[in-house]
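To keep things simple, chains are lettered A, B, C and D as they appear, and every chain counts its residues starting from 1.
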Amino acid sequence: MLPRDQLSDALKLEGRPSLVAFFTAGYPDRDTFLDVLKEVCSAADAVEIGVPFTDPMADGVTVQRSSQVALENGVSLGWIFDQLAGRDFELPAPVLLMSYLNPLYAFGFEDLAERALETGVSGFIVPDLPYEESGPLKQALDAKGLALVQLVTPATPKERLAKLCSVSEGFVYAVTRTGITGSSEGLPNDVSDYLAAVKSASSLPVCAGFGVREQEQVRRIAEHADGVIVGSALLEALEAGRSPREFLESLRP
Amino acid sequence: MLPRDQLSDALKLEGRPSLVAFFTAGYPDRDTFLDVLKEVCSAADAVEIGVPFTDPMADGVTVQRSSQVALENGVSLGWIFDQLAGRDFELPAPVLLMSYLNPLYAFGFEDLAERALETGVSGFIVPDLPYEESGPLKQALDAKGLALVQLVTPATPKERLAKLCSVSEGFVYAVTRTGITGSSEGLPNDVSDYLAAVKSASSLPVCAGFGVREQEQVRRIAEHADGVIVGSALLEALEAGRSPREFLESLRP
Amino acid sequence: MTNEDHEALFESLLNGSLPDDEGRFGPFGGRYVPETLMPAIDRLTAGVHRYLPDAQFQQELQSELKSWVGRPTALTHAPRLSDRWGAEVWFKREDLAHTGAHKINNTIGQALLAKALGAQRIVAETGAGQHGVASAAACARVGLPCTVYMGEIDVARQAPNVDRMHRLGAEVVPVTSGDRTLRSAIDEAIRDWVSDPKGNYYLLGSAIGPHPYPYLVRELQAVIGREARTQLLERTGLPDAAFACVGGGSNAIGLFHGFLADRSTALFGVEAGGRGVELGQNSATLASGRPGVLHGTHTMLLYDDDGQIQETHSVSAGLDYPGVGPEHALLQLVGRVEYVTASDDEALAALDECCSLEGILPALESAHALAGAKQWAAANRGKRILVGMSGRGDKDMPILADYPVNRSKGSVDAAA
Amino acid sequence: MTNEDHEALFESLLNGSLPDDEGRFGPFGGRYVPETLMPAIDRLTAGVHRYLPDAQFQQELQSELKSWVGRPTALTHAPRLSDRWGAEVWFKREDLAHTGAHKINNTIGQALLAKALGAQRIVAETGAGQHGVASAAACARVGLPCTVYMGEIDVARQAPNVDRMHRLGAEVVPVTSGDRTLRSAIDEAIRDWVSDPKGNYYLLGSAIGPHPYPYLVRELQAVIGREARTQLLERTGLPDAAFACVGGGSNAIGLFHGFLADRSTALFGVEAGGRGVELGQNSATLASGRPGVLHGTHTMLLYDDDGQIQETHSVSAGLDYPGVGPEHALLQLVGRVEYVTASDDEALAALDECCSLEGILPALESAHALAGAKQWAAANRGKRILVGMSGRGDKDMPILADYPVNRSKGSVDAAA
């Protein structure tokens, strides 16, 4: 099975919402990266590893902070691949890389796909790469069966939503609100209608994220979507020294 | 004899240069004004009493300072007249008032001439009143026989020099250098030629001033002029607590 | 004087026979300077008569005005302020002229004249610093060294301009005598001038001082009113009223001269009302002064019963002067221009209103003209009003720091 | 790519087929934005195509440019600098435009567009503060509230502009993340924009960012080159070379566009050489960068081997940016424009030379264009040179305080 299909399979669960966990590689410490990964992998249904970038323009303060610390810790895309290659455990859940485009661009798309496949990465989420600009990266990833996940948002017009859902791979990332990651404003009132619309446009699993912090939110999202994505809240748990597994499990309804 | 003629008589001496002394009324102290006047009068051949003004634009730092202190001491033109009127001694030398125009203008030219005559003032020197603008004041002073002294300078063209010398009254004030009062740069090299030219244009006594501080300068000026005018140096002597008489006598060759 | 006398005087002004050869505007004007300066004044007067009408000089001047100063300056319609005031408001934008105020019209003209007259060095005074900056710039442009006298109080309150003068190569001398503002700076500049009347050229910054300065400066600033009139006629029509702030009076005389003959245009000079009507609390020379002699001219002044010049106050350094140009004294006397006042507070409020409604930050001086116009507009609905925007307010930022913007006046609420 | 490919690309640019529908200038450009912004970008693109060619919109824009901004700005001959350099030097005077730089051409255009598109609020970033001031002014003029993001380092080094923004009613938000200069301010402005892409209008200040900004900003700034060309033809003839400083590249693209088809005019973009050629010591993106993606566009960038954007340095805040407009990347690729650098020291020296010889205080950004022109003039005697004077230096006084004028360079000695 292609990595991208493994990914969608892992997220389409019967009876319970799937949980996608995001954390920034090498945050808070560089040395504990694999430990954290292992633990998160064991509690989540899929994991997004954040590649730090100097200009995370779609992210709120928590991800910005983690990104900056990771960079100061010497984390880079190459280092992440090396770590993944050198791990001594199986990954119980599929792993994606979440990265702004420039670090991927600098790495080179061919090399990127090659190395991702080698190290067990299933796909990519690139917040500053709308579908229209994704051609060259998508081509390289497709050649290796890797997913390029598309994002949709409440502002996405109907036709465009259909289009994005049809070209996404692995799953559809449904952003729950306009704005940046890490919001603490809760879910918008009309989130149900929105998720229902995404769901009906998509044959892939739909996972919803941006600002998910509580079990109650997970429950509401699960009424319409296949899974939830948790990022800033997980980083904050890590910062507070909480066990990531415990935190993630506390979210499951 | 008219006051202005008494003035010119007092300054045309045989055998020695005349000495015209300037000091600011009420400086350094208001209370000692008449004492200083009495002493200066006894050592000089004529006295210029400075009327303080807020904007002494033709004067150097010494006169500016004295003017400002006198104003702070409450000195005004009216006060000066009152002091002169109330004095209990004769004036052994003629007295002039040296004033910028605005205090005279504010007093009113008719009243000014009247009051000057009453209080024994022989004439006026007005540094910001060139001949062309002097009509109204001159008319009022003429009516009382009071002098309006004209100034000439090294920059004055020949024709104008002749004109100014012919309309001056009391004496001709020959400014020795371009610039403001109180200079310490000594006399210009060509002062002799200049004074000779003024002298030959004038039937009145010629007194030279601006920056005269030493006996040696007095000697040089006396070769061509009838007298010297000493101002800033006298003020500085007063500031230093020296006797004005002693200082003035030290200047006489 | 009778009404007919006034009318006759005004006619003489209109037909160019004033100032006369003695530099008189009727009872005002003249040349009250130390004898040492008389030859220099005569040379300058001859130079003015020789060069101002000279075709080549004018060509050079016009070329500098156009290509270096940036003339013609814009005429701006102010739609949102118009709505607010119930009027049709137009600005003549001297704030867009090089160095940020009308002062440059005068300094480049005089710098060219100084060069033609063979001067070796320029001496200038400054209050708000605008004339100092404009002098420094013009001197650099024509290649003459420049020394600027500035009262130490003004040095402090107009710091950005001091730095600009330095950068433009001028020497700035802080004046610590007298009232340590514009008036003392003029005293000091004159002292410097007197020290070498032949080599020095005194570049006076307003329509004040001995003849021929009030005439010379007026002629150099008249371009403001000339342009404004042409521009208004092209775009709308003659104004019902025109407003300019009056310190020494150069921007005002320059603006007014374009409209003197247009009797249908009421002219208003706005003086600094400062903190109130008491002597020392304002700089409202024409509104509350009396005739006297200062800095070489017979004009309206603020002085006490002993003839001592009064310290003045205005939040705006460029208006903080106890005298005024003699031509304004005449225009007041004959009734052609009405002189009113705007207080510090009124000027500050007008400044903020102009910022938030029109996106233009006026100089504090110019804000007085705005405030005067606003008062008048309130009593005269629906009129066409021209306001002389004599300069920009960048230089005033240090002072404005003491007067924070009232946020509720911002553009959001303002739209309501 | 072959030379023919380059020539074909350049022809497409000349005949208006670039940027294409995807916002590509050949290999550069595009729209690399979060999905949340795509509908806003589409609406903006439609708005640009609807309003920019619209007669009524253009009439309104031209009227604001003429009467509020003060266009056309002057073309100034610089005779003393010409003598010194052995060249015929001309300045295009954007420093005379309202608020003191070319930035206003863009902000008033975009503010009118935002209004036409029904935006409720304007968000902008700023580096030197000029774009912030110009945004604040334009927003006040059209009556929209304005929030400006500014790196806290820039807030400190361009303090006068911060005060001006406040006064003009804008909210200024100091950015403490990232490199705390222009780049982080853009990140932050985008974050704000994303929060309400429909109500917010992002008023980007240079020819950078996602399509349609590089096109929109270029169209709004092209007035610079258009005017300069007409003015030069009226007064002398086409220049042999034209110089403009390049930060994001808006004033440069605006100037260059007037002359792209004039092959006899060599075009030079001058980047900030800062303290030296090492990564981090300059902001010379085109001179030493490589292709990459930042702030929504594929262009030349300064980044390390991991793809991380580099901190940059320039004494001039407005050039202190690691990217550049995609159209410049194309113009470099096809060889129509040559991109050179001027160091901090060269720019400072050029600034002082311009002050003391021409009485014009340029912005530190513009001083880079001067320095580039000076270098070229030294190797090419007797040529006609146009320099884009993108802004005035008043805003730079706090920085210049660290670099006292070398008195011996003043106008006196300079004349020798």
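Quick note on the criterion: contacts are C-beta pairs under 8 Å (C-beta built on N, C-alpha and C of every residue); 3 or more make two chains touch, one makes a residue touch a chain.
Predicted, not measured: the structure shown is a model, and the values here were computed from it.
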**Touching chain A and also chain C, the following chains** = D
**chain A and chain B: spacing of chain centres that average the CA atoms, whole Å** = 96
**Message:** Report the inter-centroid distance (CA atoms only) between chain B and chain C in whole Å.
**Reply:** 37
**Item:** Rounded Å distance, chain B centre to chain D centre (Cα mean)
**Value:** 66
**Request:** Would you pick out the residues of chain A that each touch at least 2 other chains?
**Result:** none
**Asked** Which of line, ring, star, complete and other names the graph you get from chains that touch?
**Response** line
**Asked** Who touches whom among the chains?
**Response** A-D, B-C, C-D
**Item:** Residues of chain D defined as touching chain C within the complex
**Value:** 66-70, 73-77, 80, 93, 96-98, 100, 136-141, 143-146, 160, 163-164, 166-169, 351-352, 355-361, 393-394, 397, 400-401, 405, 410-412, 414-415
**Asked** Can you list the residues on chain A that touch chain D in the complex?
**Response** 53-61, 64, 68, 71, 76-78, 101-107, 127-130, 132-133, 150-153, 155-157, 160, 164, 175, 178-180
**Complete:** Seen from chain C, its contact residues with chain B in the complex are 22, 30-36, 38-40, 177-179, 183-184, 186-187, 190-191, 194-198, 291-296, 301, 303, 305-309
